[in-house]
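Some structures are shown below for you to check.
You will see subunit A twice below: alongside subunit B first, and alongside subunit C after that.
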Partner chain A sequence: MTGRSRLLLPLLAVWGMLLAGSAHADAASEEAGLKVAKERKARDQGWDNSVAETLMILRNAQGQESTRDMRVKTLEVDGDGDKALTIFDSPRDVSGTAFLSISHTTDADEQWIYLPALKRVKRIASRNKSGPFMASEFAFEDLTSFEVEKYSYDLLREETYEEMPVYVLEQKPQDEFSGYSRQVLWIDKQHYRVHRVDFYDKKGELLKTLEFEDYKLFKDTYWRPMTSLMYNVQTRKSTDLITKSLEFGVGLEDSDFDKNSLRRAR
Partner chain B sequence: MISIRLLSASLVLASAGASASVDISGSAGVEARYFFQEAAYQHQDRAQQSLFVEPEFYTEWNDGTDSVLFRPFARVDSADSERSHIDIRELQWLHLADTWETRVGVGKVFWGQTESLHLVDIINQTDGVEGVDGEDKLGQPMINYRTFGDWGTLSAYVLPYFRERTFPGEDGRLRPPLPIDGDAAIYESGAEEHHVDYALRWQKSMGDWEVGLSWFDGTSREPELIAPGVTPDELKDVAPVIGPNGEPVIVPYYAQINQFGVDLLKVQGAWLLKFEGIYRTGQSEDFTAMVAGFERTSVGVFGTQYDLGLLVEYQYDERDDNFFATGQNDIMAGVRWNLNDIDGTEVLAGVIQDLDESDTYSAFIEASSRMTDAWRWRLDGYFFSSNNPTETYYFVRRDDHVQFTLEYFF
Partner chain C sequence: MQPRHGWISTVLTHPRKLLVFFLIIWGALGAGVTQLVFNGDYRVYFENDDPHKVAFEAIQTDFNKSENLSFLIVPESGTVYQPETFRLLYQLTEAAWQTPLSNRVESLANYQYSYADNDDLVVTDLIGADAVSDNDIAWVRRAATSTPEVAGRLIADDGRAAMVNVTVQLPDGDPTAAVSRITAFARTLQKEYSTQFPNHTIMLTGVVVLNNAFSEAAQRDASTLIPLMFVIIAAMLAVLVRSVFAAFATLLVVFASIGMTMGLAGWAGLYLSTATVNVPTLVTTLAVADCIHIIVTTRLMLQGGMEKATALQAAVRQNLKPILITSITTAIGFLMLNFAAVPVLADLGNLTALGVMIACVLSLTVLPVLLLLMPFKRPRASQKTAGFFDTTGKLVVRHHRRILPYSALLMVLAVVYAFNNTLNDVVVDYFDSSTTFRQAVDTKSDYMGGMATINFVVDTEEEYGIANPATLQKIAVFTRWLRDRDEVNHVLSFSDTQKRLNQNMNNDDPNAYSLPREQDLASQYMLLYEMSLPYGLDLNNQINMDKSALRLVVSLDNLGSKELISLEQEARKFFKKLAPELTLRAASPALMFAHIGERNMQSMVAGTLLALVLISFLIVFALRSWRLGLVSLLTNLIPAAVGFGIWGLISGEINMALSVVLSMTLGIIVDDSVHFLTKYQAARQSGKDAAAAVRHTFSTVGVALATTTVVLSAGFAVLILSSFLLNADMGLLTVIIIVAALIIDLLFLPAFLMWLDNQASQHKQGDFT
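Entry: the complex of A and B
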């Protein structure tokens, strides 16, 4: 009997720890997590449309650097994912290439690419959302708009991050074709801005860390980071996304985000 | 002739827009071709070098709703005088409005969805001396009106001038035993290259589908090949293929045709399903042709950041004896490998196998990568095999080659 209990005790202890661990993801913390996600989305609604000039700096493990210039036009869509048209200006061999993405909250996104040399608009199989965007450390899915329905949530804890009180929120992609098992976000309590995201791969290993810096306020309402730093922990490659200019309310509408506008992009 | 006339038109346009700012970009490069086997025919070389330049001049006004694009092209080739040529790829005034646009001038248009064959794509003539893949096109004079709405995009074309296909000359490889004399072309229409052609196309995205319908009425871009001295009226009695003990030159014959085309694409998860079909009347026989297949891309294969795409397409053509209709009952299997690296390295390779004759096939590899932001290298290889003298690939069976290109973008 005593021998048995000696074995049983540590087992119970482990069991108890497991229980405690999973107790994190109880209904209350999930509810709290969803609330944070909804508030994050609510704080960023009504910006309508924008145009940005962006510089992407790609860096491999050896420190070799290469830059990409692009312009991004974005349209907010009520009750669905956003629409985005990206035009590449450099490197010059891809200059004029344009990429149109119509994202959806639950359905598969729709994507087309325009190849100017061939004058050809090609449809893309958007299920490949986990693939890299322009050889960067950003996956296609990292660049589509945040929609509450895309994830399930769990509020892990509240803490201080860079002297700001933050929520630490876990979100799990609902889409089985996502490249991630889960993401952990640091969201400040004051403005619900995301400051950091840890991406975990399908095996549950930490894959990438994304840090948002230099937040600027637009139209007195919308916070946008001017710098996004993505670091791949596994390959030690990194990508900086730097917003050189950003303008809201530039009069873009639905018709600026179809295949004809893709052909017209220049 | 056309080139010179267009060139003077471009100078007029260029001087008219002199006050506006002109963006200059483009590319230039060197290319070396090496053929693995001794030539099959006289005058042909083992190696061939060339220089090419393709600048682009662009200016816009009225807030970008009006623009002119001028894109000339020139190549100088060491071996084949026919391959040394200039062309106006584009010289076009584009006017944009909310729901319509017009293009007037010389332009390029692409129609279709498949990869191994472009059956539906008919507006531009193939620049046959440029490459064996037929992807290079000559600029087409046109007036194009395009209008769009929820119902899709409708394009109407008036094509007032016909461009003759270019063919390798006597000193060039990749030709039949007798060179094709492109300048000696025979036309069904008395107006010859001045015949006015018309085309219509409707295209729409519908959820997971891309649907295109097209119609063309005019001079066939794809000629039939005949012996010289044969009038078009006699054509019915002459097999439009090259006789084994042939005549001194081969002449392209351009008939008046009607062509209906359908092109479809469906997104099915990670699969793209593709189809193109045409029905053409007016040549020596009325026929249908089609190509159907899929492309399936896997991302992050083997635990890397690579994309690997598998392409399979089946080609069918009712014609037995057209020199250019090689995809009669053939299957293409290929891979597209995208390394997703900083240099943008891509490799596309495949085999096209004739299902009627096991020894008739061709293969290709096209690889390219960036060396710096401005320089890109490209390595293309093409391989042909056939033991049957009635097959097109029989004529080029000794023309397996690799082609290395260094291209500078400015």
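Entry: the complex of A and C
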């Protein structure tokens, strides 16, 4: 055996292994991925309801800013997607507008909006889930509750992210109306909190990067990021979502999240 | 031998040393060529603080970028409203999302149409996956024809053609690679869907395809016609001087001059652009002219019975002064381009100046050495051409009184026709009808209008300012004003969408197709519609982030720079009267080019004319004669006037490339007059009278000037074959001007000199010089 082929063979073998590892998600890594996703959901159950005051800062490529203030009321629903009611406080022109979203694990989400100037509630079609929320870099689907059934999974690797051991998890949306081909998440092993998400568009190019910062612990159990930074790699626009206050167990119930409640929302 | 020319005998006694030295320098400098990168970005034409560039970039920042690529779909049946075409539109729209760097795809299929359904607002794609029943088609037709955002933009008003429009985000810096990647992908789709839907013609247009067509045309010419040009120059040279070796030596000097110049450009960190690619051609003209002077004179000396080395020395000595004067003055002329408005033109000027000087040095050193070493023999019977110039010289002397008024008349005529020319750049006219790009543009023109656009941005400078009913009303009026103009094919205006939403919110009552009356209502309609749109179809291409500004996209005929600018200015005037409290911004690549083209053409033409005047003053010093300097002013300016006069007769439109022609031919024009005048002056100083001096000049430089002109004309004539009209026109006008320069210098100039000398001798009875 010549010196060259002696070197070549192990190289080829390593290359083959790399190929197998990256290109083909095998059953084992899919299984492991699903397990991580399930654990992530399991760690975040039982919080019931919450209300948050949120500031959204939109930024264009030049760094010019525009802000929106809103309150978000959320209700946990067992065995299905959560319900959320968003009330806009600013800009002035849309102040008092309320947006109700009832997400489902497999069915299309339901969305209604109340327009105070028209004094009417309108239903919004669900094809828009890939579209921008309030002209921000967040799409509707980035803001609805996480449900295991919405994606298929593949555990890509385990590594260290910002000094934390993490799982790097790939998830592919099951819904054809999603704007993404896949997402890659960095989830810490200790608390199963998501620290970063890379979003890939339908043609497979990196579209956006979302980073969660300032995680706070609520009711000794539930971790929530106080800051979410979404950066659009392609347009270089960004949106910051800043939680100014967050309270759990404020006594919200189902009747606070229907079409009629929208008109009452203040 | 004059001692001050001792260097030439030194050079000729150590020919091999010089050649080695030359090859080392060529290698060292030429290696810089590897450092050259091509930058095809149109932004190289603009200074960073160019107001139109700044305006356009501001709009690009506020709204999404608007570089686009369009699939034009023409069904054979004559109507888009049929199941087959609907399927094609639906599938191609889906597939187009895979275009590299795309972030928006719009077509009749995915237009976000809104309508009322009981109390709900439905926002939906116009064409669904299998929505091709008669009912579906009738519904789409109704919707499309009644929606101004669709009719005329995504489908032709008469329904005979449709568009799939892809917006791409080109990278900063040089987009050339991205542009060719995007175009390649689009062509694959075009091919795929053309086979799949055989009864449809699918064509590609748009800014990206235009950019690609530019670089493809330039590359095609660079790889076919330009080499052919060199071949023809060498062949003509070989025939005219009857020596293959002389032609080879000339070509070597030309290539070395180009190689060293471009190599130095590379070492200096300059890049190649669509302007600086002309440098090799410019350097070629003068390098060829320099070499021909040496070769022709050497041949004359050899014919006179001189020994080869002595003949070469004599040829260099005789031509040293005129070649130096021509080169230095031409170089200074090109340095004038530093005052042009366009940064890359400064590079073009500096590099050409450098190249001209290199060519000068090489033709005076390397060329004689090559001729010495190579078998460049005394030609046998070649008195014919020289005899022809002797005869012509005698004829001119005899008839100079008649030549003068006739040529003066012709010149006046030419100048009159030169005023026929207007500066106008019609970008799509750069491509002739044999190119697929031009065919696509012409087809689109037939069905849906041209590809030029202008973005008008109405800026209220306050958050949600565009929801103000008074502002919306004014935008609607402005939109109507634009639509009423003949050259405008389509206006995309959000005021239309507001009207439709108002109608939707009033149960689709046609009477409610009007602007909402309250600001918060308008804002909330906007919010509702905005919240209903999927990825890539948001409103950011029309409304900025804080809703303080609104963009109207105006599609136009394929206008020239003049009409574009005049539309912009009239629109500004109208808007200022309509809404003095609002700011109107206007920008687009087309408009940017219209402005820069105008400024550039003016500064190019003015700069070159100024250079010619300056050169004439330098000639005053070089020849130490006011009179000859002033004469050279005439002979330098007149060829340009005659050239553009003839151009005014046959075309009358001057674009950016043609404004470069003047500087391209500058070297030859100056070369002709300098060589004629120096030899004439020398003859006069040696005691000959005006008539004898003219005859002498004819027989010495006539052959060289004619040879240069014929060789270069034949070379540039090759460019006329180009389907890239930018190059074809450039070749044609160059030929016209250098031929005109020769005729003027051989007919008008001697007649004029004799007339002047007669005047002078009548008045002063004194000596000339």
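Keep this in mind: the second predicted complex is superposed on the first by the 243 of 266 C-alpha atoms of A that agree within 3 Å, B and C clash if a C-alpha of one lies under 4 Å from a C-alpha of the other, contacts with A are read in each partner's own complex, and residues count from 1 in each chain.
In this section, contacts are C-beta pairs under 8 Å (C-beta built on N, C-alpha and C of every residue); 3 or more make two chains touch, one makes a residue touch a chain.
Since the structure is predicted, the reported quantities are computational estimates derived from the model, not experimental observations.
Upon superposition of the two complexes on subunit A, a steric clash is found between subunit B and subunit C.
By the touch criterion defined above, A:135 lies against subunit B and subunit C together after alignment on the C-alpha atoms of chain A.
In the overlay built on the shared chain, the residue A:120 is in contact with subunit B and with subunit C. In the superposed model, A:244 makes contact with neither subunit B nor subunit C. One of subunit B and subunit C touches more residues of subunit A, and that partner is C.
In the superposition on chain A, no contact is made by A:191 with either subunit B or subunit C.
Of the two partner chains placed by the overlay, only subunit C lies in contact with A:97; subunit B stays clear of it.
With both structures placed on the common chain, the touch criterion links A:62 to subunit C but leaves subunit B unconnected. By the touch criterion defined above, A:255 lies against subunit B but remains apart from subunit C after alignment on the C-alpha atoms of chain A. Once chain A of one complex is fitted onto chain A of the other, the partner contacts of A:264 are limited to subunit B, with no touch recorded for subunit C. Shared interface residues of subunit A (contacting subunit B in one complex, subunit C in the other): 58, 60, 64, 66, 91-94, 118, 120, 123, 125, 127-128, 130-132, 135, 179, 235.
Interface residues of subunit A, counted against subunit C in their complex, comprise 58, 60-62, 64, 66, 91-94, 97, 99, 111, 113, 115-118, 120-125, 127-135, 139, 177, 179, 201-203, 205, 234-235, 237. Interface residues of subunit A, counted against subunit B in their complex, comprise 58, 60, 64, 66-67, 90-95, 108, 110, 118-120, 123, 125-128, 130-132, 135, 179, 235, 255, 258-260, 264, 266.
Looking at the complex, you find that subunit C touches subunit A at residues 61-62, 64, 97-103, 119-125, 169, 463-464, 467, 505, 518-521, 523-525, 527-528, 530-540, 543-547.
Taken in their complex, subunit B has these residues touching subunit A: 25, 27, 58, 64, 67, 96, 98-99, 101, 108-110, 113, 135, 146, 148, 153, 203, 205, 210, 265, 267, 269-272, 295-300, 305, 307, 340-342, 344, 370, 373-374, 376, 407, 409-410.
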